[in-house]
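Notes for the one structure printed next.
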Amino acid sequence: MVLIKNLELGEFFEGFYLIKSVELRQTRAGKDYLAISFQDRTGTISGNIWDANNKAVEQFRAGKVVHMKALKELYNGMPQVNKIQLRLATDSEPNNSKDYREKSPVNEADLREYVQSIVFKIENGTWNRIVRSILKKFDKEFYEFPAAKTNHHAFEGGLAYHTTTMLQLAEKICEVYPQLNSSLMFAGVLLHDMAKCLEFTGFENTSYTLRGNLLGHIVLIDEEVSKAALELGIGDEKEDLLLLRHCLLSHHGELEYGSPIRPQIMEAEMIHQIDMMDASMMMMETATANLEPGQFSQRVWALDNRNFYKPKID
Amino acid sequence: MVLIKNLELGEFFEGFYLIKSVELRQTRAGKDYLAISFQDRTGTISGNIWDANNKAVEQFRAGKVVHMKALKELYNGMPQVNKIQLRLATDSEPNNSKDYREKSPVNEADLREYVQSIVFKIENGTWNRIVRSILKKFDKEFYEFPAAKTNHHAFEGGLAYHTTTMLQLAEKICEVYPQLNSSLMFAGVLLHDMAKCLEFTGFENTSYTLRGNLLGHIVLIDEEVSKAALELGIGDEKEDLLLLRHCLLSHHGELEYGSPIRPQIMEAEMIHQIDMMDASMMMMETATANLEPGQFSQRVWALDNRNFYKPKID
Amino acid sequence: MVLIKNLELGEFFEGFYLIKSVELRQTRAGKDYLAISFQDRTGTISGNIWDANNKAVEQFRAGKVVHMKALKELYNGMPQVNKIQLRLATDSEPNNSKDYREKSPVNEADLREYVQSIVFKIENGTWNRIVRSILKKFDKEFYEFPAAKTNHHAFEGGLAYHTTTMLQLAEKICEVYPQLNSSLMFAGVLLHDMAKCLEFTGFENTSYTLRGNLLGHIVLIDEEVSKAALELGIGDEKEDLLLLRHCLLSHHGELEYGSPIRPQIMEAEMIHQIDMMDASMMMMETATANLEPGQFSQRVWALDNRNFYKPKID
Amino acid sequence: MVLIKNLELGEFFEGFYLIKSVELRQTRAGKDYLAISFQDRTGTISGNIWDANNKAVEQFRAGKVVHMKALKELYNGMPQVNKIQLRLATDSEPNNSKDYREKSPVNEADLREYVQSIVFKIENGTWNRIVRSILKKFDKEFYEFPAAKTNHHAFEGGLAYHTTTMLQLAEKICEVYPQLNSSLMFAGVLLHDMAKCLEFTGFENTSYTLRGNLLGHIVLIDEEVSKAALELGIGDEKEDLLLLRHCLLSHHGELEYGSPIRPQIMEAEMIHQIDMMDASMMMMETATANLEPGQFSQRVWALDNRNFYKPKID
Amino acid sequence: MVLIKNLELGEFFEGFYLIKSVELRQTRAGKDYLAISFQDRTGTISGNIWDANNKAVEQFRAGKVVHMKALKELYNGMPQVNKIQLRLATDSEPNNSKDYREKSPVNEADLREYVQSIVFKIENGTWNRIVRSILKKFDKEFYEFPAAKTNHHAFEGGLAYHTTTMLQLAEKICEVYPQLNSSLMFAGVLLHDMAKCLEFTGFENTSYTLRGNLLGHIVLIDEEVSKAALELGIGDEKEDLLLLRHCLLSHHGELEYGSPIRPQIMEAEMIHQIDMMDASMMMMETATANLEPGQFSQRVWALDNRNFYKPKID
Amino acid sequence: MVLIKNLELGEFFEGFYLIKSVELRQTRAGKDYLAISFQDRTGTISGNIWDANNKAVEQFRAGKVVHMKALKELYNGMPQVNKIQLRLATDSEPNNSKDYREKSPVNEADLREYVQSIVFKIENGTWNRIVRSILKKFDKEFYEFPAAKTNHHAFEGGLAYHTTTMLQLAEKICEVYPQLNSSLMFAGVLLHDMAKCLEFTGFENTSYTLRGNLLGHIVLIDEEVSKAALELGIGDEKEDLLLLRHCLLSHHGELEYGSPIRPQIMEAEMIHQIDMMDASMMMMETATANLEPGQFSQRVWALDNRNFYKPKID
């Protein structure tokens, strides 16, 4: 059983993999074949089943776990698997699709515990009550949803993982800069991307909801906070409420990135900066993860199209 | 009694004027004087009272109407009044400050009637109820507030004047393009700048409120619509609600102008375009209003720093 | 006889279609085939003739009307026609290629009448004479040419259709803003894109002429006006001539869009704005025309790469 | 008799100078004084006449040559002349204002001879005839007008000086790159700024004409060439005519600098580049002309706000 | 003895202050006066000595400590001191100018100790040796120089203060992201601004050196590292040397901010981000330091011209 | 024996060509074939060997000279060769690969002589010694390396060819502008791209070295000059050394093109401008080289995506 990231060029292998996507195509000569993307926790690889008979088309659908014997080769410079022998995994074999998807490196229980410990540290009543109210509403989704469709943290549980890493950064930075209001930092970080739970349709093959498309998650979290305040009887001119909404609305940092207002208090600026910091760390990590030391990565569009070097020295 | 726009260079004049602003300054040689800006419906002009004794300082305050005799001259190329004789207007004289401020060229009753006629044309129930609810809440402010602090429509009643001119444009354009949903156009135009009533402190010497500064009028109108929908029992995923919010949120057209989302339906794009059209017409009108035919205006910063020509031919 | 926009996936159909373009290609295995794009008034669709014998190559040329029986399927997510049976349309069948091309939704006679009525409203003699002179010169082309190669109004008669829609907008807007000189608005709108008749080679498979490429239609209309003025004995410093040329030269609004000068009179700015308005309406219309309600369009490059939503409600 | 560039700080001097500009101002305390800018061939310096009696106001007007005794000092870091004794120059003294204005460092006769020699080298008939025709029309202005209002070559004769320096560059560069069409280079350079003669009002205290403002010199030279071609019977689709117009229209290099089209032939690109080269050389020269070695200049706005260093070594 | 930040409007005060700068100016009426900027640890304030006799000019020079009695007032909205009585501080009074300058809030001994502790943690030999070598060369300047001329950390000791705050951030962030090479982070942070010691002339009234102007501190630190490597016998193709130079060269993050190369390893990106973080914290801190709660600051040019709000709540 | 640029469409030909690159690919049906790019001095053309047996794969490798008989045809609008008969060139045939590569149009001996003559003209001792020292170090590479990977002068010897063309321009321009320091111009031009010898791996199939990627050639030449100065005992604050380094560091003209500093002396600005001039001439030359008169080229990305016209007239 070989993991995808360990497959060697020119060698045959076998193992269990998840069919991530499959498409029925025709060769120029008019013959049907199946173009399949295989996946496990360590990566993805493509291959074609040239004999796309009816049974094959019916069996090999996205979401199915299969046993595959095949040869890894290069096609136009990109790895693919050829000479494929494929069958569905049986019930006695490891056929749970969840085991093959990339997901958050930390388990949910630990994340929940850490989030709770941070909520305790939010001393301001307005912020504490609003955070609790919204966390409760999205109790399930917050730990399942990705933080993005593509780019960074685009995996199951990515939203909570991204948020908690930012909470750690916020804790550290408040130690260096005691002038920062740590309660506001924590409340702002916890909620900043929460409305991704409304913007996305779910955690598998996610896409945008209609309100995600027409309003966006920044407006949607502001709506949630406004409504929570209304329900909790918090006045709409109260300074602490305005400060929290300001941090959430401005967390993209620049108008051209979709914030309707730019950060105008220290905590808003810092929440924006640690959001960028974690997003860029995750993207650089992903870009260089499968490189050999001494190699450069592909260009990363969301990081100004830079490519990144993986040093040989430790 | 001479209007400010009719004052002749090098000639003495007298009349009643409003003190728009006044500042106590010192000459380099350490002597106090009052730097005053005078105003009537037709414009403003500056002048200095060199003998700033206590009585003068006390009497000549912003908001007071005065009788002035003076000489109009140029100082470094800018008109100012010199050799000023000043006294407060008495009760038997025209001393109502409201009569000296620039204001909307249409009277409030006509505006109210027109707005009502448009509300009747909003056929969709969600939009109609939300518009009525919010119009009611800002019933007074909508007809008093300016549409902007500086730039365009920065006068009492400017908000309603700008909004109703845009409604006229919307009506006309819906005749040319029947594919536009006129109900949505009307609802969107009516509400697009309504939260200026929350963003500004009032209609005299207006400045930004705290929520105006930290959230901005685009976010504030979205909050009002969300709350109105909650109170009216309109579901937060209803398409017509989302479309209206989308039109309001995107009406600045570009992210860099403070919209968190760009127009993605026809009506949103058109509301944005007629907003720009009326703002630019008003700014060009203001820039060229006091020019002689054949002259160029000052540069208008908000119109890409262009200056505008007033033709000689009609 | 099924229109292209009504073809159903997975179903056989037959009907008459125009060959819009055809290319002789080779499979990787070295076999010739014909890649054809079929067209009718409602859209286009592609398909391949795998047996590209000499007779086929000779018969099936661009501009020919054919009778086709075929099956609509998807190839890599894009619709195409397969299992094609093809023959030329006979003289007794509907074989006039003009009937299969997209064209202006209004007929030429109505457009001509409307244009004439507007010319009557141009009261200034200079503008009236120049407009008549140039309209006469391009009497045929103005009603045949497209308004653009791709983007908006890229169909036969598109130039006149775009121009007359703008004239309607100009009429309406002059009602809202009586300070606009309607004669100048009409003259400017009528001529603004007229030199597309010199910039493009024609209305079928149009491309750029050499002077279109090296000078562009803005410079070319300025040349036409200058020459007309010379012939009509209108002095080159006359203000009304300069104003008209200014409106034409500045109608792209910004230097970076190819205007050598930015709008500096009200009418020039408004002509630019209604040009943008009609172009964007037409592009949004085209982008959403074939969508189901509730769907988003493809991204539209010329509208800042936005995609547009077609609402479910009316 | 001391030249302005040789005046020493803290020393009295006397000599003849031209009054470049004069303004009647008031001190804050209400007293009239004259603010004068004095000029000779080597520079300008400012000073105030504190006793602005009627006679002084009448005598000391712009364009008058005066005899001045004064002291050079610094005022807020800028040189000015104080303790001024002033009288008009008499007829027996050097009172010709032309002798005090900055002007082209080469004399007109030499420039004319050089321009003629270049015209002889334009071998293509179309270009040669058009150049001769336009040179003849602007025979006087071409040698008198400046090349710009401010920035570079803003002095009498500056247009011809700038043009002939560019011709020298064109000659040299055609030696390095024989693939360039030298006739087109020469014709393009000779005409590129010629319509400054229509854009500016003259060579003293120049400002923009109405057509300069509303059309600009790029459009105006295109008009001149089009009309010359019409008169000379050169067809408006002839390639050589189009190439010349293309070079002239594109000589600002970028759309945002006012060219309606970008250079698309080699010669157009090179004319643009040598135009930039000569303009930047002249601006750097001016910026550093009066510096001591080892000093940095003021920032030069038209050169991206850079400041320039004058080295100590030769 | 009142600190400048505690001076009350409209009240007389007395105390010792440093003359930060002084200029001899003339009133428009020709009378000399001294324009002085006074300073202590808490801020600066301006005032004029209207009787600028010879003795005053001689005594009151920049760098002198004076005893002042005066009245704090507003002049055109800006605080200044009037009715000044001034004398030099005597030897028995607190006349050490160092005591009046703003400086780093941490003392030098603590900073030195902390820096040493970090150097011990740089485990890679190349980096450790280069850091020691350069720290030794700038042993004195590193603890005296400011980090910038204006903007952030523009005070004595600012360079070391900024660097050590960044070191703290680096330590914390390496805890959150163990994949970062902490030795490289520390070496990069320690050296990143070190060449400010070559770019600036010193720590009082600092300006740019010639090499500061012509090369800049990024190039200068690269030169220092290259030379140190040459002296220490470290090959110029060694990967660890290249990585360190890359971090230093890219620490401005973007080419347009003067880095000749953008960050292409994780550590370079993170050094850039914590540099921005500390600079923006310091600028926001400075901008809001003297505000009342509930006020907005002036606009901060280096933070995209934003102004910052100081909340009322803690 | 036909040169590639002279091959006619639809005709068989034969001759000797170099295999520039070769790739083993599979048809969609799974059959191996060789995709080969053939090259001679005049251009490149592609073709496929459909029978990729073991012997073929072994023989036909990049760098081999072959004898080919084949037919030139179009495939999707691009020229390719079909019906290929291929064999390796024998020892008695023209099989030296160097004879088939594009290279500098001037021979190395002439270039060396010209470079020497220029070195003699560098009168300043610092510059002369540094230039000699660095020229000596890169004596071989300077005449072999390309000036760029793609874009302009991307051929063997391109670096020296580009440099010497710029030297010719520098000589000419110093004649027009005697105020330029020709010694500095020559030294700057000679060294400006010299570190491409360190940035690239070589002159065949060149790629970037690690230091090329992480530091770039601008930083690398600055390192070379600094070290040369150290070895030659030239002080690091000497003005002439700083001026030369400034010219080299700023030769890309703008920060966003990778210069850490912008040109701030005349010579630096001029070196930048003639660098741009030669690069753009070479790119326009390349783009239009194989066009028929009257055609437009492909768009050239590095010239703002313009396409260029090749006139019909000479």
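Labels for the chains are A, B, C, D, E and F, by order of writing; each one numbers its residues from 1.
Convention: contacts are C-beta pairs under 8 Å (C-beta built on N, C-alpha and C of every residue); 3 or more make two chains touch, one makes a residue touch a chain.
Keep in mind that what you see is a predicted model, and the values were worked out from it rather than measured.
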Tell me which of D-F and B-E has more C-beta pairs in contact. D-F
Write down the chain pair in A-B, D-F or A-F that repeats the interface of A-C; the criterion is over half of the contact pairs matching by residue number. A-F
Euclidean distance of C-alpha centroids - chain B vs chain F, Å: 61
Centre-of-Cα separation between chain D and chain C, whole angstrom: 46
Chain E touches at least 2 other chains through residues 28-29, 213-214, 239, 243, 264, 296, 309
Which of the chains are touching one another, listed as pairs? A-B, A-C, A-E, A-F, B-C, B-D, B-E, C-D, C-F, D-E, D-F, E-F
Of all residues in chain C, those that touch chain B in their complex: 124, 165, 168-169, 172-173, 175-177, 179, 181, 239-240, 243, 262-266, 269-270, 273, 276-277, 280-281, 284-285, 288, 296, 304, 306-309, 311-314
For the complex, give me every residue of chain A touching chain B. 210-211, 213-216, 218-219, 222-223, 226-227, 230, 236-237, 239, 242-243, 245-246, 249, 255-261, 264
In their complex, what parts of chain C are in touch with chain A? 27-29, 50, 75-76, 82, 294, 296, 309
Contacting residues of chain F [partner chain A, same complex]: 23, 25-26, 28-30, 210, 213-214
